[in-house]
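For clarity, chains are labelled A, B, C and D in written order, and residue numbers in each chain start from 1.
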Amino acid sequence: MVGYGFMGAAHSQGWRVAPRFFDLPAQPEMSLLVGRRGGPVADAAAKWGWAETSTDWREAIRRDDIDVIDIVTPGDSHAAIAIAALEAGKHVLCEKPLANTVDEAAAMADAAASAAARGVYAMVGFTYRRVPAATYARELVTGGAIGEVRQVRAEYLQDWLVDENAPLAWRLQKEHAGSGALGDIGAHAIDLSQFITGQRLTGVSGIIDTVVKERPLLAEGSGLSGTAGTGFGTVTVDDVALFNGRFEDGALGSFVASRMSTGRKNALRIEVSGSRGAIAFDLEDMNALGFYDGTAPVDRQGFAKIIVTEAEHPYVASWWPAGHMLGYEHGFVHQAKDFIEAIATGTQPRPSFADGYQVQRVLGAVEQSSGANGVWTDIA
Amino acid sequence: MVGYGFMGAAHSQGWRVAPRFFDLPAQPEMSLLVGRRGGPVADAAAKWGWAETSTDWREAIRRDDIDVIDIVTPGDSHAAIAIAALEAGKHVLCEKPLANTVDEAAAMADAAASAAARGVYAMVGFTYRRVPAATYARELVTGGAIGEVRQVRAEYLQDWLVDENAPLAWRLQKEHAGSGALGDIGAHAIDLSQFITGQRLTGVSGIIDTVVKERPLLAEGSGLSGTAGTGFGTVTVDDVALFNGRFEDGALGSFVASRMSTGRKNALRIEVSGSRGAIAFDLEDMNALGFYDGTAPVDRQGFAKIIVTEAEHPYVASWWPAGHMLGYEHGFVHQAKDFIEAIATGTQPRPSFADGYQVQRVLGAVEQSSGANGVWTDIA
Amino acid sequence: MVGYGFMGAAHSQGWRVAPRFFDLPAQPEMSLLVGRRGGPVADAAAKWGWAETSTDWREAIRRDDIDVIDIVTPGDSHAAIAIAALEAGKHVLCEKPLANTVDEAAAMADAAASAAARGVYAMVGFTYRRVPAATYARELVTGGAIGEVRQVRAEYLQDWLVDENAPLAWRLQKEHAGSGALGDIGAHAIDLSQFITGQRLTGVSGIIDTVVKERPLLAEGSGLSGTAGTGFGTVTVDDVALFNGRFEDGALGSFVASRMSTGRKNALRIEVSGSRGAIAFDLEDMNALGFYDGTAPVDRQGFAKIIVTEAEHPYVASWWPAGHMLGYEHGFVHQAKDFIEAIATGTQPRPSFADGYQVQRVLGAVEQSSGANGVWTDIA
Amino acid sequence: MVGYGFMGAAHSQGWRVAPRFFDLPAQPEMSLLVGRRGGPVADAAAKWGWAETSTDWREAIRRDDIDVIDIVTPGDSHAAIAIAALEAGKHVLCEKPLANTVDEAAAMADAAASAAARGVYAMVGFTYRRVPAATYARELVTGGAIGEVRQVRAEYLQDWLVDENAPLAWRLQKEHAGSGALGDIGAHAIDLSQFITGQRLTGVSGIIDTVVKERPLLAEGSGLSGTAGTGFGTVTVDDVALFNGRFEDGALGSFVASRMSTGRKNALRIEVSGSRGAIAFDLEDMNALGFYDGTAPVDRQGFAKIIVTEAEHPYVASWWPAGHMLGYEHGFVHQAKDFIEAIATGTQPRPSFADGYQVQRVLGAVEQSSGANGVWTDIA
């Protein structure tokens, strides 16, 4: 695994726990953790249970005993590592967003396509697809339970940047993060709405904005949870992104990605309205799914709050009895399981790099539209 | 009162009940009900308690014993009646939207300004401002309880048109209704978000769409609840409208107005995120208001569900003890009360025709943007 | 109508509004309002639209032009007025609880039975039966939608007495109110749970308590909303009542009636669990009903939040379009309608005095059990 | 660890994960898994990562390299194993309920007290105390945030036995399980309500019942999730238990433990009403806590839904950023952490066997009351 931030902890938990609850065709070994600074990476390896460490990701690629490269670094390094790994015959799991630019993402998708032809696979980590309620939502929608998709509402709301004194972390710098709320959390809303509907966006119109334009420089820490130091710097990514889009079968969707939604902590919400019903997902209530059955007798229609913890629900049979809740990192366990199964059986894991590249094109189109006064922009 | 559809029942209830719970400076008399067809209007008058009827609205304007004209007809007749009434020295309450076109609305606002100079007042019926939770939301926001407004999310979701066999009522015909979901319910989202924030929209970018383009002709009935007959006709108004806008102090707002939101019955929702807190209003839970106090200790922060039924809340002291809920038509009672008080004290009731005209300009700008590929459009 | 407190306003609204929305076989006339003190009763009559007033309820009974006596006084005067009225051939609507003692209630039920034989009817005002969601819950349960009743949970939670400085109103004095939380709100929980299940309680075991035992004397006002004066007095009724009971087909039910439930304003909640489903009613969310359909596919089961505002739901067709909410006093409108229909058609309105007497016996059994160390007590 | 049912998986996850997120003073080693049948126990050990297996729990006690015995067997074997382990100088973690009878629990508490004097500690596994929202609720209540406790409502609702064809698992047989809904889930409601209030119950009055009295014999499987075979057997434990109790400072509490609550999957709910506020916990919404601050301005009071995922909340700082949810097994991770810390620092972990014994006495008093017609029963 290359990288050891917050995502590193989550991925480590995925590899560690997956074999304890699922019957896997191959057993993962947590062999090598790579990071730029030797001390911290050693601490992380000890903490999370990685056998060895390195400060050079190329070492991981050179080693014959390593089959999989898991990339959890900031987006600006994804392309170099992933492409090198794929060319070296390593399967790759790469955190989202796939890259910081559409061009890098395109190169990665190309590399993945070439590798796949050689039986080497790449996958991008939109783990929220693997929250059981989200997976189940897709099953319902693509299985016809709500009829034709008529309208989509998607939003990812956080309040992490409402505080003007939250420091200028790497996620707020375009050169490292590529994008702000749009790319970091809006990407999830795009991927998940496309995943659940089974349809891709064909065009968008949007506006992105930076509400708090200057922030204290970062003293220490990383991600979005560091400590403020002295001096101020300019925020170079968006903290609010609003856009509307059209899905391939014609339905319109509205999207909000914001880190200015005071009081909302992690509200990734997807509502899909269909001709015969609707589903409503909310990551803040992640063990439940709203389902409206428009074919029930009129007097009995209402959004049912399905607690998605029955053995009949995706992934759940391997966990606990009904009513026992899963949490955030379970999605990473499911990701590890699905990845291992795909690799072991020689099939393409999803979401593929091509999927990630498509999301990147949507993000790019939103930025382009925002830069062109909101004009409708087709997704190339 | 001119008109006797669904809104006629609501306004009648307002006039009837207001004096029974509020101490008014003048007592309303329900004297004359006007409608085009004599039989139905007589039935409605008997039902709702109007003393006399007429089939000519000009009679109401000619009569000296009538001081107030209440207009609840479809939007295409608002301008003629309201302007004539104001010129004749009658105070006017006119249902929203103010008119079907921006030009008509402009003429009405002009007439209202002239009349106000003579002590004759006009008001437009955005009654949702008078749902106590909405009024209270405005008090909180304009009183500084959430700090500076950072972001607004507004949506008005219904599912009245999901059924493809819902007939082609007048509300689905541009010549009568002027607009569809945008003008009928989107107008409420615009007015209410501006009312609560105390800020006007300065520009928008949007797209409107008609998901179901052909519908059965109407056999009988009106509004959106008629019976389907034989033959089909073309829907000439939108059933989904999505737009983003900027408020005058800079915050972005996202807007959804839809009659394709399966399972959502009357979900007018406004969430205002501020630098120190947030409010969340939902008309489907109209006796409650969500309030997030960002100044509380971090571990105690959360959206409080305030049940807005205390004597300290707007309008409530005149009704029931705490915890006893108000319903839809109470807003019309409050509207009648506020209108009567304003007239009796010679002050301009709000929302004024100028307010209604401004909403109409926003609606017009959304339509213009939608027609121009979503390009950002300033509100004139 | 005899009495003019908070209940008087609600009943007046019922008589006034019912004919405006429902087609009634007879039209109510609000002729005479009776109260002990002439000035206040005159004010109330003017406010609520009663034609005349009197300070002697016997006048109402003597007058030939009066057909119905509506009793909204404190419980200690119910028996005398109701029995006299019935004997004089007046139909009677009497607020709940029927009386302050089981003996008085028995006498009233006897009088009502005699009167009914002469075509004169009496009804007790458990209006919450007529909240559409509650009426609909009964339809579902007694119609078999949840199978056999397995368990009932009923609670009526308020926080009106949490404040130790809330004054010693008549509702806190046994000689006037008969009972406290048990009789005032617990009675609703008993009646509604029996109404929804269609089953009566056969025995109970309970404990009642008075958490705040001394309160300031009342300076002015009445009900529970008066102003505290000087000096303290002893609270002689309960403010918390807990009991368990068995319904006639064997299911157990748990009951909580409390005015010490901090933050709960008017939470009358009934959940009925059946062999094939469940319903959940909450008066604080009175336009919705929770319905769990245990016959749906396992993966789709969940409590549906049915918004009970469709024309298919009880009482609703006469009101507003779907999604437009009703409030507290609508139950009184429905009560007026149902009462008038029953009288006009010569049928016994429900809940009858016999029903009210049965609830009184349950209340009596709870008090008896509480006085006997919680021992199980059959309902006579 | 002795035993390898559903609880074995949860405890294993606790031991495995705790050192990966928390800095522990000692590192757990998962050395020996004990079960009666060699094959299944070997499978479980491989699955969950235990180094060795045995079919005799006495082996675990004999081995010098084992310091801690974790007991997750059915309740009828707890006493023998725990007492032997403590006498052999092993620290003990024992699943709840402590034992099947009050006498066994007493003996275990005695053994634990003796052992503690020798620096050997025992703890009982009421893990729900370690759900962050529950721990935080205790902090609020015992820290005075809601004032004096006035009333408690506690319920644990499941629907696992609504289906009449659910088979006769060991949990439904008194000789193995000791008790049914009362002991299995009611015990949690008792412990958690005492934990949050910081007060013990002093007396109870209750009734327990078995709604479905005959069930199919178990073909295979265990717990409550086995497969029905042929033939029927008698259920010898309760499936519904209702009781009321008094806490030591005088507040009354109502308790419901039921496996007949159709549609409720795992609804352990505790609401504590105080003189200045209230808290409301619901295990089905386990990352949130309801908090009502009765000291806020009246118009701003409402139950706040605190999402208990801030670094300021108990246990959370070691996990994910704000808004990232924890699940069921995290309580077992926290339990492992707290147990290890207590052992390493030579302090008594809580809940102690004395705590477990007290819960057992409450359970015993409820059963005694139920057998004595509901009469109030002091807790010895």
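Observations on the structure shown:
The rule we apply is simple: a contact is a pair of C-beta atoms (placed from the backbone, for glycine too) under 8 Å apart; a residue touches a chain by one contact, two chains touch by 3 or more.
Note that the structure is predicted; figures quoted are calculated from it, not measured.
Farthest from chain C in terms of Cα centroid separation is A.
By count of C-beta pairs in contact, C-D exceeds the other of the chain pairs C-D and B-C.
Separating the CA-averaged centres of chain B and chain C is a span of 35 Å. Distance between chain A and chain C, defined via averaged C-alpha coordinates, is recorded as 53 Å.
Put simply, the C-alpha centre of chain C and that of chain D have 40 angstrom between them.
Under the contact definition stated at the top, the residues of chain C that touch 2 or more other chains are 264, 301-303, 307.
Note for the complex: chain A touches chain D at residues 6, 9-10, 12-13, 16-17, 20-21, 47-49, 158, 160, 223-225, 264-267, 283-287, 307, 309, 320-330. Within the complex formed with chain C, the chain A residues making contact are 136, 288-289, 291, 293, 297-307, 310, 312-313. For chain D in complex with chain C, the touching residues are 146, 150-151, 153, 155, 159, 162, 164, 205-207, 209, 211, 240, 242-244, 250-252, 254, 256, 258, 260-264, 271, 273-278, 292, 294, 301-303, 369, 373-376.
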